[in-house]
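Two complexes follow with chain A in common, the first pairing it with chain B and the second with chain C.
And now, the complex of A and B:
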């Protein structure tokens, strides 16, 4: 039994140690977070529409100009509005969106904590 | 023509039977020594009428009877028979009729199979179910009659949306509906049990079977939708946090919570209010989903049919449902006299509460993420998008303690417990962390969070794996489901880390070559099928290990309606999927080629199947 377990563990270690991934380009990461404005719920990365293709070229251009990921998001946000960004940043429109789930979590935790008995009697 | 008439009147008759059923239920309820046999017969009659109506619609589709508006809008003579039939529920009207069919089928089975429960309870459940059924009848006949008549009769139909012409999507709606509609039984029976003040351990055992049925179907339904999206929508993802996907996930989360919570109620009469609230929430969320999808206020890749009038009807129905259930809950529900609803912190009860806590959190993230943009748009007309980054940020960190709790929780005993095998558990933890570190260290991603995430999933994986071998362990169903879940999370994480892709433009005869992969565009074939033309591109792909693969993605140009779809070609092996898809580049003879290597894809599907097998085992096993 122990040999079997050891074998499994060694197998896992060897197996994963040999895996390498191709680096995903920064462009893919960025375009995944941009909405294709003319599509139904697709990101620029996912879409092959003309709009998405020109956006991809634009992102490449901006990267070549040396803009960082954040600066590119700001650029698109100023041009097209919040709608284009899939990641709704924390601002006055989205405080509730981000905080409400956390509040619910804290609240639920409080209830369970209150109902738990910790003493060993 | 004749079939439409039969179908239409059959629907009206079904509605009449619903009214008769309510009448007899009230009579029987007053004098409830035994279940009136008439109720069973009429319930069967109702099922029969809806079935006739459904068959009539199928036949209309099969013979392409374009005097029927639904058939005209969604079918075409050149469509293969299989998709003519599946087209029956591939549209709004037909899918609602299917929904109604399942509603009547389930209540009939419920009446037939429910034994050892009070007659009054059965009748009352039937009553609540009939209210839902009547609403659906009215909805169907009023706003979306599948048997509307067209004159003059068109020669040819408009055809079915080609991306819906797919085997997985042909069976996806029925399976998903079995899950949704199953939750209606839970809803009705929870209301009935509350009214009669019989929310008890025996009720929990009885309703658990129904929870399991809906849960299994919902799980499989979501899986099918996901598989379909993976190969048909053509960009190699399987979950997009799209609103329409989210609305199917929400009832699933609620149902999973309910399933765990019922385990507690099954043993001790506590948490009754919570179980009732969850039962109500599950069905309400299913209806919410229908409202969001059908009203067309969502911007989604899956939105196919919508109409504001329908949205309004569902919205009113939804509010009526919520009002009714709140009324019954506050008016009739009595908290159990048993006030000792505190639990020792290290016990199975507490761990199930922890499960409920996290599930509710995940549910609230998905719910808020889905509806918040809609409300913001209405209130301040600001449009924002809530996409994958939002869900990942809020869900991934919480998944870590959740997975650990999932590993430890089932090992605890009821009421009070002590953790045994501490050394072993810590040993496994160290192993998991080590392995995860080995995996993650090769990447320049965020090492810390990835290591911890993978460790927690691996930890659950090892512990459940060991419990399979450990024969002392009894709860096979639970272990299978939890094992499946660990496998699912592991596969998703590793898939995310190891996926690689190449996007390029190629002409026939050209080769793309980077140091690792060579893609040779061999040739192109054209074929003509009955309802589409297809362009098949043949690629020969060689990877760094010298393994050769021939892949042939396809472009289909459908004639009715005139839409081009791209069919990915996927080579699935145990460890990875090779996925290739092509698209036309406008006005050029280049094709846009997207080639992806996606490890562990198969395991994502298999693990979900394993999770549902866990449910199935639990459904089949008798309570010990």
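And now, the complex of A and C:
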């Protein structure tokens, strides 16, 4: 009997561990990167406003149509502009945002490098 | 020499930060998407509110005619305010007014029109709000002027007397 019980437990562990509570992970991934325009400061994923709910439905619809994640971002960007994305691409408005960390890193590195040479001398 | 350099760069950094903060102080932090014009209208099909029909966008919007698409709902207070403007625009026979009923209850929508009059030639239903997102709208009311399947003008928020004059001028 004990063996039978253990067997059942193992059976359940093995065969039901692939049931996800979260079935639409790709949709969630995408809506987390979309900004809700009504409730600004929240993502579409976090928000429960009318607008956000419609956006979720539309994202589902676009995924069903076979659009990729990138194509969906482009689609929304065309309608609402860069602001709708939490992760905006590199363009003339955002180049400072993208390049500043790299510049600071390079400058900082140069200073440290120079100092270490001074010290060695 | 070195001290002076540090002082000047400190002042420069301070000024830059001051300028950025001062500018941001006056900016509004509520974003409204830029009214993109000369965009092609989306392709869709939708049910009508008053008739049992399903129309596609090409059946609704024909070439060489002016269309006004108004997104409205019976629960939206500004829609009530702008309704008289739409009523007077409906007398303009060069302009076809199309309504889009946004996330509304059919019964409420009908009593709204019974009470205030129906300026719309056709009313399409947007039950789950996806169609208005296809149009790039994010609330009610919003109004689009369409000519040759292109959006030539977009108004976010209720129409007013000034915009009425502007729309009349466009369609002349």
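As a working rule, the second predicted complex is superposed on the first by the 92 of 121 C-alpha atoms of A that agree within 3 Å, B and C clash if a C-alpha of one lies under 4 Å from a C-alpha of the other, contacts with A are read in each partner's own complex, and residues count from 1 in each chain.
Note that in this section a residue touches a chain if its C-beta (ideal position, glycine included) is under 8 Å from a C-beta of that chain, and two chains touch if they have at least 3 such contacts.
Keep in mind that this is a model prediction, so the values were computed, not measured.
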{"item": "Partner chain(s) touched by A:68 [first = chain B, second = chain C, both, neither]", "value": "neither"}
{"item": "Touched partner set for A:38, first chain B, second chain C, both or neither", "value": "second"}
{"item": "First (chain B), second (chain C), both or neither touched by A:115", "value": "first"}
{"item": "Touching partner for A:81 - first (chain B), second (chain C), both, neither", "value": "both"}
{"item": "First (chain B), second (chain C), both or neither touched by A:48", "value": "first"}
{"item": "First (chain B), second (chain C), both or neither touched by A:93", "value": "first"}
{"item": "Which of chain B and chain C A:101 touches, first, second, both or neither", "value": "first"}
{"item": "Greater chain A contact set [chain C / chain B]", "value": "B"}
{"item": "Residues of chain A contacting chain B in one complex and chain C in the other", "value": "40, 50, 81, 83-84"}
{"item": "In the complex with chain C, residue positions of chain A that touch it", "value": "37-38, 40, 50-51, 53-55, 57-58, 61, 79-81, 83-84"}
{"item": "Chain A-touching residues of chain B, taken from the complex the two chains share", "value": "233, 235, 237, 240, 242-243, 299-303, 341-345, 350, 353-354, 357, 360-361, 364-365, 368-369, 372, 376, 380, 382-390, 394, 398, 431, 434-435, 438-439, 442-444, 497-501, 516, 583, 586, 592, 599"}
{"item": "Chain A - residues contacting chain B, complex", "value": "9, 12-13, 16-17, 19-24, 28, 32-33, 35, 39-43, 45-48, 50, 81-88, 93-94, 96-98, 100-102, 104-105, 108-109, 112, 115-118"}
{"item": "Chain A contact footprint on chain C (complex, rising order)", "value": "29-34, 36, 103, 128-130, 132-134, 136, 138-139"}
